[in-house]
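Sharing a structure with you now.
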Amino acid sequence: MVSPNRQPFAPNRILIICHEEGGRIVAELNLVEAVNAAMREEMERDSRVMILGEDVGRAGGVFRATEGLQKLFGEDRVVDTPLSESGIVGTAIGLAAFGMRPIAEIQFMGFIYPAFDQIISHAGRMRNRTRGRFSVPLVVRTPYGGGIHAPEHHSESTEAIFAHTPGIKVVIPSNPYDAKGLLIAAIRDPDPVIFLEPARIYRSIKGEVPEGDYTVPIGKATVAREGESVTLIAWGAMLHVALEAIEALTDEGIDVELIDLRTISPLDSDTIIESVKKTGRVVVVHEAPKTCGLGAEIIALINEKAFLNLSAPPGRVTGFDTIIPLPKGEHLYLPTPERIISAVRQVMEY
Amino acid sequence: MVSPNRQPFAPNRILIICHEEGGRIVAELNLVEAVNAAMREEMERDSRVMILGEDVGRAGGVFRATEGLQKLFGEDRVVDTPLSESGIVGTAIGLAAFGMRPIAEIQFMGFIYPAFDQIISHAGRMRNRTRGRFSVPLVVRTPYGGGIHAPEHHSESTEAIFAHTPGIKVVIPSNPYDAKGLLIAAIRDPDPVIFLEPARIYRSIKGEVPEGDYTVPIGKATVAREGESVTLIAWGAMLHVALEAIEALTDEGIDVELIDLRTISPLDSDTIIESVKKTGRVVVVHEAPKTCGLGAEIIALINEKAFLNLSAPPGRVTGFDTIIPLPKGEHLYLPTPERIISAVRQVMEY
Amino acid sequence: MPNIFDEYHPLTGKIFRILDENGVLHEEHAPKFSLEELRGFYRWIIFSRVADQKALNLQRQGRMGTYAPVLGQEGIQIGAASAMQPQDWLFPSYRELAASMIRGLPLANIYLYWMGNEEGSRIPEGVNIFPISVPVGTHPLHAVGAAWASKLRREKIVVVCFFGDGATSEGDFHEALNFAGVFKTPNVFICQNNQYAISVPFSRQSSSPTIAQKAIAYGFDGIRVDGNDIFASYVASKAAIDKARSGGGPTFIEAVTFRLGAHTTADDPRRYRTDAEVEEWRKREPLVRFEKYLREKRIIDDGFAAQVKSEAERAVEETVTQVEAVPSHTPNDVFAYMFSEMPQNLKEQLALLNESLSVKREILFGDTMRHGVPE
Amino acid sequence: MPNIFDEYHPLTGKIFRILDENGVLHEEHAPKFSLEELRGFYRWIIFSRVADQKALNLQRQGRMGTYAPVLGQEGIQIGAASAMQPQDWLFPSYRELAASMIRGLPLANIYLYWMGNEEGSRIPEGVNIFPISVPVGTHPLHAVGAAWASKLRREKIVVVCFFGDGATSEGDFHEALNFAGVFKTPNVFICQNNQYAISVPFSRQSSSPTIAQKAIAYGFDGIRVDGNDIFASYVASKAAIDKARSGGGPTFIEAVTFRLGAHTTADDPRRYRTDAEVEEWRKREPLVRFEKYLREKRIIDDGFAAQVKSEAERAVEETVTQVEAVPSHTPNDVFAYMFSEMPQNLKEQLALLNESLSVKREILFGDTMRHGVPE
């Protein structure tokens, strides 16, 4: 059995609660393997589930997320498509509305924008438009985020744009256990889910992942570490940068509570507010540009629901309102443990 | 001469400061006429300026914004294009990088998304990508917002998506004077500007507009009404809904300061912070969906720069995280004076 | 039957026509319709025209919002929709009143839609029509996805998708046809080339001399059809549908026609086309030639025509009464269909809206802001 | 000269070739090059191969990031780039090392780019090349805009745009070619059909039997050219460029070629193609046949070949030394080029970054997060 307190990633003194719902541990998997396992199991369980995207079949995906699946399920269910993001998502909308359960892979988040119209104008509106007559049970998976030393457009983190888009859910796992459980939940979800996979931790973060059926609920954040002094909110790869910062902060006697949002739309405001009511201090971390990023929304939400509990202005540690630089410069752009540490200190010293 | 204190729109007791820079008043124009005048004058002044879009030539635009311009400047400079938003913006990027000053019209904001990739991946990145070797002096004009009883996709207000996009400016006028001055500034700006025109007030709001050359600076908000009790922040058509609310609030003895942002990216934080430092209370109004809307950013900014000045949690009056309904339902979605009044009261009573 | 797609390959420059504008039937590819079928087509075209005209009247009276009239384009719509099987699916754009009614969509849905009532797109179960798609050129991709699903399930369902000449300029059009070619989906794409995209003539839309030849880019058949000829429209659609059903993949049909009315009620076509041009096309419109043919063959007479007209008028009036009784939206209607289960944030926002509406309205929603000229 | 675009109309199924894979020259359309020009082509192909191989070596040593090799595609690149006039513009995608160098782009720019240094895309003034465009299929629109500007100013500048077979599936490709047709812009579109888009073969990209025939959808000439034949590539490009310059509008060239190496250094092509297939294409690659021809005609000999090779190696080594001395990015580099004038928010963020860097690093940036497999 999975212990609810086991630690799927490294640093000591870090408590990770995985919402475990049965299953048996079979392997230490990394995140990309967990994603692969989720798809494989769901395709075994439900013949409506299919995968389409660029290089997902023969090649098994440029990150190997779909490795081996075409061999197992055939070319009809794991489909190499033309190089055509709007085509992938647009046909997937039709497939979904007509009884399939498509998983569309966009090779990198930087290439999702040609499909943005299909997502905002159709995927997110079909149920509402038709008063529930048609719906779009579609998952759009895409690797996102910086830190992988990749060429231009391969390090995008524009999750806030999708969080601002009505009618879709946006999910971001930070560890293999959640990746599998959230992806299974996303595939079964009757509505469109954008599933963002932090490429930077595809292989670096390993953890025990149960074999077989379990889901991690969409719309629920998790407290990755309990603490009393200050609430740190992060998701995806930034969770691990936050964990590095927490090690140092703990040594300074600052007892950080770390929230892993896991779903960024809809936001789990209960978990956020409960934590802020306890600590009175909060720092949000994201690698996306600062202006109109998700950090802003979280702070506005806290203002609305826990204003009097705030002992200090909420802090943001974010990417800048610039383009994320090419590999030689990306360390200047991405939030670092140092920047988090100094933001937390600032909030503590206020 | 234009009096700096003249009142380009109706309600009494409202002070509008127009940053006037010369020129002679010739006419009471509505907003769409002011937009037309700006383009006409700039095309006269600068032969590089050209307009391209759907139905902008022969028909003069579905809102008549380009009325008469093809007759004046010919088919080479006022160009009816194929029905192809990415084509319009993508070729305009090439035109702009190669010495022209294109103004691309997107017929409604709901149809800008096919061009989104060109905007986020190229228009906003060309200068940075090439270290200044190439730049994109492009204006993308589009009507936006609800309240015009139009079919689906004709009432979009997704300005926050563009405000989150690095490398572009986003401008929204609320009255004819600003519309002309801001559009001239946008056309002359060496960088890409998204120019959002509130369709709801295209014809309903008239004002004195000087003939000839003047600009309203991009990046500067204006205090549309001075007040002491609470800061109301709005832009576009919402400014006028706010003005209606202010009438009632003034009668209740609440002295509202109203900020018209005019540029939503980059934000004029000085004007916002100065006002909030004075009033200690703030409500932001927008018709876009609430989550990750611009309201959130403004509140986060205020938290960062004027936290101790806040006497109450900042309020938001926004569209909902739903699709704006078809005409029979849009009154339920759009912010109303009543909703603003009750939000302001709540902030005052805190 | 010889293969019309080879005979009328787009690069031959030929147009497929059976009933010419003088009402003369060219036998070669002529279909064999029963008298009842022919009278049925006549009924649909009249019904469509009465419903279309009524919508324009309602709009003028302020009882309907913006409306996009179909007048002049009934030939291809009736021909294609009649060639479909019950299990097939229609993917309309927004001007397919005639095709939609034939496929069983209640006129009430169409009226509600243009009246700005969300109920309009609640397509009844069993009516195989996808909702109206406003963003031009975007829905062919959905049609390809639907047909693909049918193919994967070996269901023998064909998906017929309508769009305009303007739509062919959009990237999504290209991606849709390209996917259809690659995955050999059972699709029929019907481009109603009504010569204009709002004010923009086709010559400005593409320098391709015909639209049909665009099919060559995707490796499947294209054909240019006289879209004002119900017979040719039927035969070409039927051939394409049969081919799709038997696994032969997609077909692209350019239906040459003309929009006799305005783009929508917000449009003034005199800005971009001459009366002479319209008159020229009026001679070729679908009803004139079809009625001539039917009357010459004595399939219909004055009495029948009068009866059909009055039936249509009665039915349309009843629909108007019915839809005008449909209640307006409640706050719940705005929130209820966003997700299968309403999330917390929407519940809170709905509560806020209900609360704000329950507060006594102290000031009225001002009238200062009257809308501009919607499209 | 007969019009090759008519003679080789895409639907004839013919491919335009002058120097066949055995090094035999077919005289009919053969261009007249001086010996110096021929030796120049040889020099470029060797230079390109040495630079390409060096990049692969540097990547393996961790001195360069992901790199997209050009090996095998030099024929069309050298042919087309040589057919351009100095005032013309090249719009590359990301695999045009050979074409870019011929157009005057310093190899240093190319190396810096792939090393992840922003300075790589600072194209020197006077070098008429647009920067690398990573989002596939998006830059032909820019090329159309640039050509349109040239046309509006009556400048007689032609814009040549390169992209791959995969790019033809994107909506932006379609919109670009459609605009070019409508506005008759002086564009030459060169699709390097290297048979694969990463792992996806062209048969899965489109069911159009040739790519050249896609031009038919846009109403202008298309031609299928042996892209491994420098001569045919030159002649077809020259004809298209001349036509564009004299107001004849755009041309679409499908250059049939093969990527002999991996898609990028992150790719493993054995996952999706057989050695036999690669060997088959290796026989047809551009250098083998060209060298055979040059040697048979005694235009070059061993001595010349050795000299060219060592010159290339020396120049490439010098470039490596030079680029490895270029400093890494400063915080200012991240912010300075966002706008012509830095707005307040960026000034504040830059100050914050500088401040955070000046603080003594108390803990090191952890090594726990090593990146995945970038494309």
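A, B, C and D label the chains in the order they appear, each numbered from 1.
The rule we apply is simple: contacts are C-beta pairs under 8 Å (C-beta built on N, C-alpha and C of every residue); 3 or more make two chains touch, one makes a residue touch a chain.
Just so it is clear, the model here is predicted, and its values are computed rather than measured.
Taking A-D and A-C together, the chain pair joined by more C-beta contacts is A-D.
When you average the Cα atoms of each chain and compare centres, the chain farthest from subunit A turns out to be C. Note: centroid distance subunit A to subunit D, computed from Cα atoms, is 36 Å. Between the CA-based centres of subunit A and subunit C the separation comes to 41 Å, rounded to the whole angstrom. Separating the CA-averaged centres of subunit A and subunit B is a span of 33 Å. Rounded to whole angstrom units, the spacing between the C-alpha centres of subunit C and subunit D is 44. For subunit C, the set of residues touching two or more other chains reads 118, 135, 169-172, 175, 178, 182, 204-206, 338, 345-346. Under the contact definition stated at the top, the residues of subunit B that touch 2 or more other chains are 81-82, 84, 86-87, 110, 114, 117, 121, 128-129, 152-153, 166-167, 266-267, 291, 321-323.
Against subunit B, the residues of subunit D that register as touching in their complex are 118-119, 121-123, 125, 130-131, 133, 135, 138-139, 141-150, 152-153, 171-172, 175-176, 178-179, 182-183, 337-340, 343-346. On the subunit A side of its complex with subunit C, the touching residues are 50, 76, 79, 81-82, 84, 86-87, 90-100, 102, 114, 117-118, 121-122, 126-135, 166-167, 169, 190-191, 219, 266-267, 269-270. Those residues of subunit A lying in contact with subunit B across their complex are 86, 110, 113-114, 116-117, 120-121, 124-125, 128-129, 152-153, 158, 160-161, 163-167, 265-267, 288-289, 291-297, 299-301, 303-304, 307, 310, 312-316, 321-323. Taken together, the subunit D residues at the contact with subunit A in this complex read 65-66, 94, 113-118, 120, 132, 134-137, 166-167, 169-172, 197-200, 204-206, 266-267, 271-272, 328-329, 331, 333-335, 338, 345-346, 349-350, 353, 356-357, 359, 361-363, 365-366, 368-375.
On the side of subunit B, the complex with subunit C involves touching residues 10, 32, 54-55, 57-60, 62-64, 80-87, 107-108, 110-111, 114, 143, 147-154, 199-205, 237, 240-241, 244, 247-248, 290-291, 320-323, 325-329, 331-333, 336-339, 341-342.
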